[in-house]
Each structure stands twice: as structure tokens, then as C-alpha cells.
Amino acid sequence: MSETISSQPFSRRSLLKGMAALSAAAVAANALAACAPAGAPAAAPAAEGASPLQGTVGDEMRGKSLELSLAVIAGWPPSQLPIEMFPSFAAAVKEKYGYDVTVRKTEAPFAALFQRVAPTLAAKSQEFNLIVSDSQWLGALAEPGWIIKADDVYAVNPELDLEPFSSLVVNTYQVYPDGSGQRWGFPQMPDTQGLFIRKDLVEDPAEQAAFEAKYGTKLPSTYDEFAELTIQEYEPIFEFFNRPDQEFYGTAAQYSKEYDFFSCAYHPYVYATGGDIWDPATGNVVGMLNTDANAAQLEYFRSLTQYMPPGYSDFTIGSMIDLFTQGKVFSAFNWLAVGLFMISPELEGKVMAVPHPKFIFPDGEKKVIGAMGGQPWVINAFNDDDHMRVCIDFLKWWYQDDTQEEFVSKGGLPWSKKGVEAEGFEESKPYTRAFKYMLEEGRSRDFWHLPEYAELLAVQQEAYSAFASGQVNDPKRVLDYIAGRQQQILFDKGRTQTAPPAELLDLTLS
Amino acid sequence: MRSVHPGQPSADPMLLARRSPLRTFEESRFFSFTLLLPILIFFVALNVIPTLWMIGMSFYNYSLMSPAPPTFLGVDNFVKIYNDSDLWSAFGRTFVFVVLAVGLETTLGVLLGFLFWGSSNMPGRRLALTLLFVPMVVTPVASGLFWRLIYEPTFGVANYLLQQLSGQKIDFLTNIDWAFGAVLFVDIWMWTPFMILMTLAALGSVPKAELEAAEVDRLTAWQRLWHVIWPHGKFILMLGILLRTIDAYKTTDLVFLMTNGGPGNITELIALKLYRYAFASLNIGFSSALAVILLLIAIAFTSIYLWVLHLRRYREGV
Amino acid sequence: MQPSRTRTTVYYSLLWLVALLFFLPVFWILMASFKTPDDILAVPPRFLFQPTVDNIVSMLTRPNTIPYFINSLFLSILSVTLALAVSFLAAYTLSRYKFRATNFLMFLILSTRMVPAAALVVPIFQMYNAFQWRNQFGVLMLYTMFSIPFSLWILKGFIDGVSQRYDETGFVNGASRLHVMFRVVLPQVRPGLIAAFIFNLIFVWNEFLLNFILGGPGTQMIPYALAVGLTDSGGNVDWAFVASLSTGYVLLPTLMIFFFQKYLLVGMTFGTVRGEV
């Protein structure tokens, strides 16, 4: 279907006519950028003999003064902590290696950050030296060669290669392509899903009595009791606390079109069918996503909105925080990483976070596979040697025990075996126990890390949002619509050999 | 291009004799080009070249996310757009949005413009007009966000008032029956003042003498409107309508921040779609093709616009 | 026939009511900027509250607010001024020398403002990367370019309205063309310059998309700060910040439409109306 430029002399000439000046300039500038002062990317040895990927080893940085540019996610607390803690890094390297470093922060909300960062990397710019990337961007960043391979860094800095708590950490934040074992990212903040519950209400004897009178069973009140409940068993509890006349509702979950919000909230329901949203082996979406079982789950997921406040189809991470802290909901599905912010001063001691509700899987087992959240660090491959060294120095500092401890005490979450299994971690915050539970083998899963992530995501978020809001009411049609279009995107990129059936492509949302 | 020097003074031999080199240059035919040079540089560098680049790219399979070099596709991108039912519906939605927004803004603006006509002795008129015009100078980012809060079903003031009046709440931005209207309402709030302004301008262009003559002739209000006001005012009013049409067609910031095109695709306007293809997917080839189509539509608007201006020139014999 | 006093009062009250209705949502933002975050989200909404300046203080002390504000001022004023200078030269030329291609050129230049910004951003982004222009200079040039079409149209409209007899008189008296341009014609089109200035300033002042995508360090303006800083540390929208920053930011254009009201009107009509309305 497509031919290369050189095999099309005619078109090439006509194009060149219009663009000669510009393309010449572009080539020149790219060439310039490529051989910019010490701009050799990757593991090329530096003039001093030590690879910049080793970080600072001796006196090579002494007396220098530079600025490290970090791109982080706006409004996402775990992303802000490195900036907040940066001065102690600067002090440490000043003492150890004798250079001065300041930090520049660029931030944008989740979806927008990629739109902000990717074009600069495409331009081979070192505008951002170290980036907090979302886990699904790994492919988009790794495939064009925009970021440093973590394996190369580990090779010269074995001390950075900490033992992870579970394979989920490696598979979510590090490896691309899935299953290849090649690592690109450095875990920054791991994250899993949970349910935040108003402990004060479930422990209230009056509520307990009323619940028992109405349903004939005891109202669960402890972590252990809640952790074993399936989503179906949660329903009476949501229903019980759902009091719209008092503007108080049973629960809240994320149905927003924004970024990946609906998808992450819904995916555990897909995994509960024993299936997946696509087949990573064949690259097929059709036949994997648009099954009747997934359609039934989609319908079920939407039916939970009967226990939710109005406006649920626009619920985001932030809405969960607003509704929960303003005392409008009994419970809220949210990322455990924002735990600190779900517990406002007024709710101190009144909140408990439990793992994502369970499901009965087709094999009869009662368990849950949640969606993975969280972000890795990635290092710009176009950093010059000095900035590369500082990035590595920074990571070395970041993964020190005392830095990690400070990070965790400020609301961050650990990912290494040592950090998660540390004495007293589970009890340290109301949400850490659920977090550890969900991070164990097989209890959470991340989705695509493909370069086509943004396109694939946009398709399904729009369609899911159409379903959440009732623009389309047939769940099968929604999944068919998504499957057809995603299959087309993957087929165009050669990730699957199967073209989507034409009838799926003709579907619309209205 | 040839240039003609108008109004050349009758040559004064004394003046000619004292000509400085600058003066000679000023009189030369290159001078006019020199004056045009800066604008042409801007225009060519930041407009012609990017546009040509864009047109060129629209024939390529070119993604910033792929390490592979661009490959020539011919008109495949255009065929893909033609076959994409989503894009068609986005165009349709944008068309409805433009027609409704401009139609309602014009109607309201003209009515209110007439209302404000003749209020020149009103106490605090300048302040009142300033308050009236503020909606159009608020950063769209800010107004988009704030309307989100106003519409919010739990915390928003609109729903609070609605509940007091009717006893129920409406999820304006997430309800499929209301979302489009809610966005439209904000656009109308922002831009009706502009149409009021244009109406005032149109009315201001009617010569006072003709209005007074109409008074003397005891024309009815309708006759005055049709025979005196309309012939003078219609051009500026048309201008306002066209400017609004073009702006409504470009609406991005407002929907981007208010609804993100949702719920579903109910407020997904074409300019927002283009933004997604260009910057979420970095699919330069495809987004360039879409941009070329938008450019052609825009040129059609511009032509209508110029056609209107030409009518005016023609009529005035300029 | 003198309309009765009551009728006038009712009429003026009605006009005020219309103006206030349009202003109401802005007033709500204004009020929010003096409320505590809890008051902003209070149900039922608080119409009476204990005003606080905390939001404004915290907004101003955020590290980026003042620099971004300076960026906004610097970029919008300089780019519009530059656009006016360039456009004045061109407008005079196109008005006085009758080129055959004048109409076509005017059409082409205007058409640049008719395309959604996202369409041109892609090629400009690539070009800027190639030339390393993603800095203050580049953004300044871009805003200048975007301010040129309307400036040119407004100024040409005005210069067309200045009779050529002024030029001729000048030449007869031995004035040079530059003298005529700057000393004879320029003072007469001052309203046009002000109109074009306000009109374009409002556009540049509020521009977000180009700024977001193209802006590098040192070029980010307040709308960018609003869009990325709107979430507070918990991921929810920080309404107090959004309110106080929006209020502060709308102040300048509001003052401009108050003090230069008649020019605003003139600008909107490309110089076709020059009188008081």
C-alpha cells in the first residue's frame, strides 16, 4: 500500500519544490542537534573515559553549575514530591561531587503532559532531562529511541537495580515490549486501586442495627471483612448508604472521558471474565474485547451508578476527592496513591481503604485483578553528558533508603521488596495495607504499552463515555465500535495481521 | 506588479535639484516594495512555508512517533478522512454548532443592540457597556472552567437555583440531552455582547441626517428599518456574522476545558478532533490532511466574507 | 415629544439589568476569588460570606504566577506593537500605491486567521524545532504574525479614509513620503491604531493552544498557568486558584474596554465606522 519516498520520484520532486528550503534547514538543524556539544546519546563513552550513564564518578563535575529540567504530572502529589525534596539532593551532590544543581519543573495534567513532552523529544531536544512518564507511554517513548534504556544504566550501576516487590512493578513500569524483558523505565511511584470507605459509618452501632434489620446480615466493619467481599456483595452496602434525599450517596467511581479514567475503572471488570482487552500475542482486539461477557460486565459497571451522585459520567480522580472529602459519599473507588488527599483533616481517623472489590471468576475462584496505576521515571536520550550524569546521580539519590523513607512518609509509595516489606509499612497509613495487597503477584495488571497508546485510548474513552452518559445504550455495540477501530489502528501499524471486519468500522456512536 | 505614484506634485526644479539619495530612493519604484517587505517576510516565513509543508505532509504517512521515515501515500489520508464516519459526524456537529451559535447570537445581539441604541444619555453607560462586554474578554480557559463549576450538579450554583425553582437538578455537562446546549449557552453568553457591539456599530453607520429626514417624513418604524437603517447597517452586521461564523468554527479551548468533547462525542467539534490527531497521536500526515480540508472550508468562508465587502465597495463606487 | 421620566427610568433600568445579567457569571468568579475553598464548594452556595484575600496572596506567591504575568504582558504588548508597525507600512503602501494584486494579498493575509490554530501549529512546531525557535523570539514572531491580519485590515480601512489630498499637500510643500506617512497620515489614524492594538491584544492575551504547545521556557503565559495549575496537590480542581488568577487576569482587558470603549467598537468593524456610537 505505501511506498517509500525514493520510489516515487514524481511526488518527491513536487513536494521538494515547496519544501526545499525548510527541509534543508530541518536536516541541518537535526544534524546540528545530533552533534551538539557532547550530545552523544546512550552509552557512548565520554571523553573522560567514564560513561555518563555511570553518573558522576570523580571530579569531572566539580565546580560546574547546571539546571535539571523535570517534567512531572500536574496535580498528582507523587509527582510533586521529587521537586519538593530536590534541595536535599542538591545539597548531597554539592558535598559529594562539588557541583551546583537547581531544578526546573514543567507540569501538565495527565493527558496533556504527553502532548507537551513528546514533541520535544521528537525534536531531539533536551528540554526535559528527566520525565515522570505514565506507564502506558513506555512504548511511545522507547520505540523511537527517545529514552535511555534502563538496562544500560543498570549494567554500570548495579546498585540501582533493586529487587522489586513483585513482577507487577517490572511489567508495568519497566518492560517494553511486553514480555521482552527489556527495561526502559525506573519505577517512580507504584499505584494500585482501592475503595475508600467511611469507617466511622460502618462502625456506628445505629447504622449496624439498621443494616441488619433491613438485610438480615451483619454490616461488615473491619478491613478483613471488606477485603473478602465481591462487588455484588458490596451492592447492599452501597444501597444502604445511598440517601439521595440527604444528598449522600453510596459510592462513586470514575466514568470520565478524561484521559484513561473510565478505562482504568472498568478494566477490573473485564479481567474478571478471565479475558483481556486485547490479545498481546496476536495483536487482535476484535474477538477479545467485544465479547458478550465483557458487554455484560460493562452494563453491570454502569448499573452501579444507581448508588452514585448525579453527574457521574464526568467523575475523575479529582471528583472522588471532592465528593469524599466534602462528605457526599459513603465510599469512593480511587487510586491508593492519593490516599493522603482522600483523608481531609475532618475525616482523620474516619477512613479505611480496602482492596478493589472481588469478583467470581469463571473458574469459580473469588479474586480480583485490578488496574495498575503509577509512573516510571524515564531519562531523555538526548541529554548531554553533564545532564546525563546529574540524572543518574539523581536516581541514585532517589533510590537511597533514607530518600525513599522520606518519600513514603510524605505520602509516596514504595515498590522495592525492601520498601514494601519494611517493618510497620502496612500499618503506617490507612491505605498502605490495601496497596500492598493489590501489588502482590497476579492481583493487578497494566494495559497496552504500545506507541499507539494515545490513539487507542482516545477511541475507547470516547466510546465508554458515550455509554456512561447513555448516548449509546447497547454495551455490545460500544465494544464492537472500539474493537473495530482499535483493530484498524493496530493493523495499520502492522501489529496484527488481521484486518477489522468492515461492518464494525461502520458503527457510530450516535 | 506595477506601481503608480498618485498625487505626484508638479515637478519643482528647485526641489528636484536638491534631491538626497533617500529622496531618490523614496521616489523609485522599489520603495513601495520595501515598505511591503516586512509583512511579506512574516507572511512567507510563518504562513506560506508552513502551509506548503502542511499540504506536502498531507500526502504522506508520517508520524513523529515512528522512527521510520515518512512514506508517500498519495491521497490515502484524504480517502481515510472521507471514509471516517466519526469525522463526518464531527463536521456535522460543528455545522450545527456554528449555525445555532451564530444564529442565536445574532438574533439576541440585534435585539439587544436596538435596545441599547439611543441610550447615550444613560447614567453610567460606559460602565454598563463594559460589564456587558466583559464576557468576551475573559480567557476562554477560565470561562470554560468556571462554567464547569457553575453547572456542576452537586456544588454548582446553576443547579442550586434550578432546584429552588423546579425542585430538580440537571447534569448539564454530562447529560446527553443537555451537554451540547450547555456548551452552546456559554458560547452565546461569551459572544452575544460581540453581536450587540456590531449592531451598535451598524446602527452608528446610519447617517444622522437620513434618520432625521425619516422622522420628518413620518415613516413608520418598519419603513425606517427597511429603507433607512438596513441599507446602511447590513454590511457591518454581515461582517459581524461572518467573523462569528469563522470563530465559532474554530472553537477549541472552550469545549476542551468544559467537556473534553464529551459526554461520548456530543461536543466533539472538528477543531478539537484535529488537535487530538495532531498532538495526542502525533500523526502528522493524517492531521495535515484534515487541516488542509479545514483550510479549504475556511477559504470558502473568507471568500463569502470578501464577497460581502466587495458588494459594499461596488455599491459605494470606491 | 419628551419621553416621560418614568419611562426613561424603566428603560435605563432594563439596560442595566441586561448588562448585569451578562456580567453575573464573571461576578460569580470574582466572588469566588474572595471565598475560602470550602465556601466555593458550599451547598447551598454562599452569597454572603466572610471575604478573604488568602487566595490572592497564595496565587501571587506561587512561583510561576508573577513570571507568567510578565510573560503575558511582554509577549502581548511587544508582538502587537510590532504587528502594528509592520501593518502600518503595508497598509499605507497598499492604500496609496494601487497594486493590481492588492485585493488578493489582503485576502491571503486575512485567510491566516480563518483556520483553526491547531492546523498551523503542527508545521510551525516542526519548523520551530528545526530552527531552534521555540523561545521568546519564536513565540513573539508567531503572535506578531497572528496580529498582522486584523491590524492590516483595520489600518487599511482607516488610511483609505484619509483623503489623498493630505499626501498631495505634503508633497507640494516638499515633504518626503516618509514624512507624509509618519507626520501627516499616522496622526490621523490614531484611533485605528488604538483599535487594532486592543483588538489584537485581547487575542494574544487570552491565547492558550499555541502557547501550550509551542511555548518553551520563558514564554508561558497565564492561560497556560491556569490550565496546568488548575489542579491542586490532590488532583481536584483548585477553584480558589482558578478564580483569583482569572479575576486578576481579566482586569487589564476590562480596564481597556472601559477606557477605550469607542475604539473597541471601531476595531471590530475594520475601520468602517469611526464615529461615537
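Order of writing sets the chain letters: A, B and C. Residues in each chain are counted from 1.
Please note the rule applied: a contact is a pair of C-beta atoms (placed from the backbone, for glycine too) under 8 Å apart; a residue touches a chain by one contact, two chains touch by 3 or more.
Given the structure is predicted, the values throughout are model-derived calculations rather than measurements.
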Which two chains share the largest set of C-beta contact pairs: B-C
Identity of the chain that, by mean CA position, is farthest from chain C: A
Separation of chain B from chain C, taking each centre as the mean of its C-alpha atoms, in whole Å: 14
Whole-Å gap between the CA centroids of chain A and chain B: 39
Multi-chain contact residues (two or more partners), chain B: 49, 53, 154-155, 279
Set of chain C residues in contact with two or more other chains: 41, 43, 126-127, 213, 227, 230, 237
Contacts with two or more other chains, residues of chain A listed in rising order: 22, 115, 119, 122, 247, 322, 326
Of all residues in chain B, those that touch chain A in their complex: 49, 52-53, 55-56, 59, 61, 64-67, 69-74, 76, 85-86, 89, 152-155, 169, 171, 173-176, 179, 259-266, 268, 276, 279-283
Complex contacts: residues of chain A adjacent to chain B: 1-5, 8, 11-12, 15, 18-19, 21-22, 111, 114-115, 118-119, 122, 140, 143-145, 247, 256-258, 309-314, 322-323, 326, 328, 451-452, 454-455, 458, 462-463, 465-472, 506, 508-510
Residue numbers on chain C that touch chain B, as the complex places them: 11-12, 14-16, 18-20, 22-23, 25-26, 28-29, 32, 40-45, 85-87, 89-90, 92-94, 96-101, 103, 107-124, 126-127, 141-142, 144-145, 148, 152, 160, 164-165, 167-168, 171-172, 174, 176-178, 202, 205-206, 208-209, 213, 222-223, 226-227, 230, 237, 239, 242-243, 245-246, 249-250, 253-254, 257-258, 261, 264-266, 268-270, 272-273, 275-277
List of chain A residues in touch with chain C within their complex: 22, 25-26, 28-30, 74-77, 80, 104, 107-109, 112, 115-116, 119, 122-123, 125, 127, 247, 316-319, 321-322, 326, 338, 341
In the complex, chain B residues that touch chain C: 1-10, 12, 15, 22-23, 26-27, 31-32, 35-36, 38-39, 42-43, 45-47, 49-51, 53-54, 57, 112, 115-116, 119, 122-124, 126-143, 145-150, 154-155, 157, 160, 189, 192-194, 197-198, 200-205, 235-236, 239-240, 243, 246, 249-250, 252-253, 257, 270-271, 274-275, 278-279, 284, 287-288, 290-291, 294-295, 298-299, 301-303, 305-306, 318
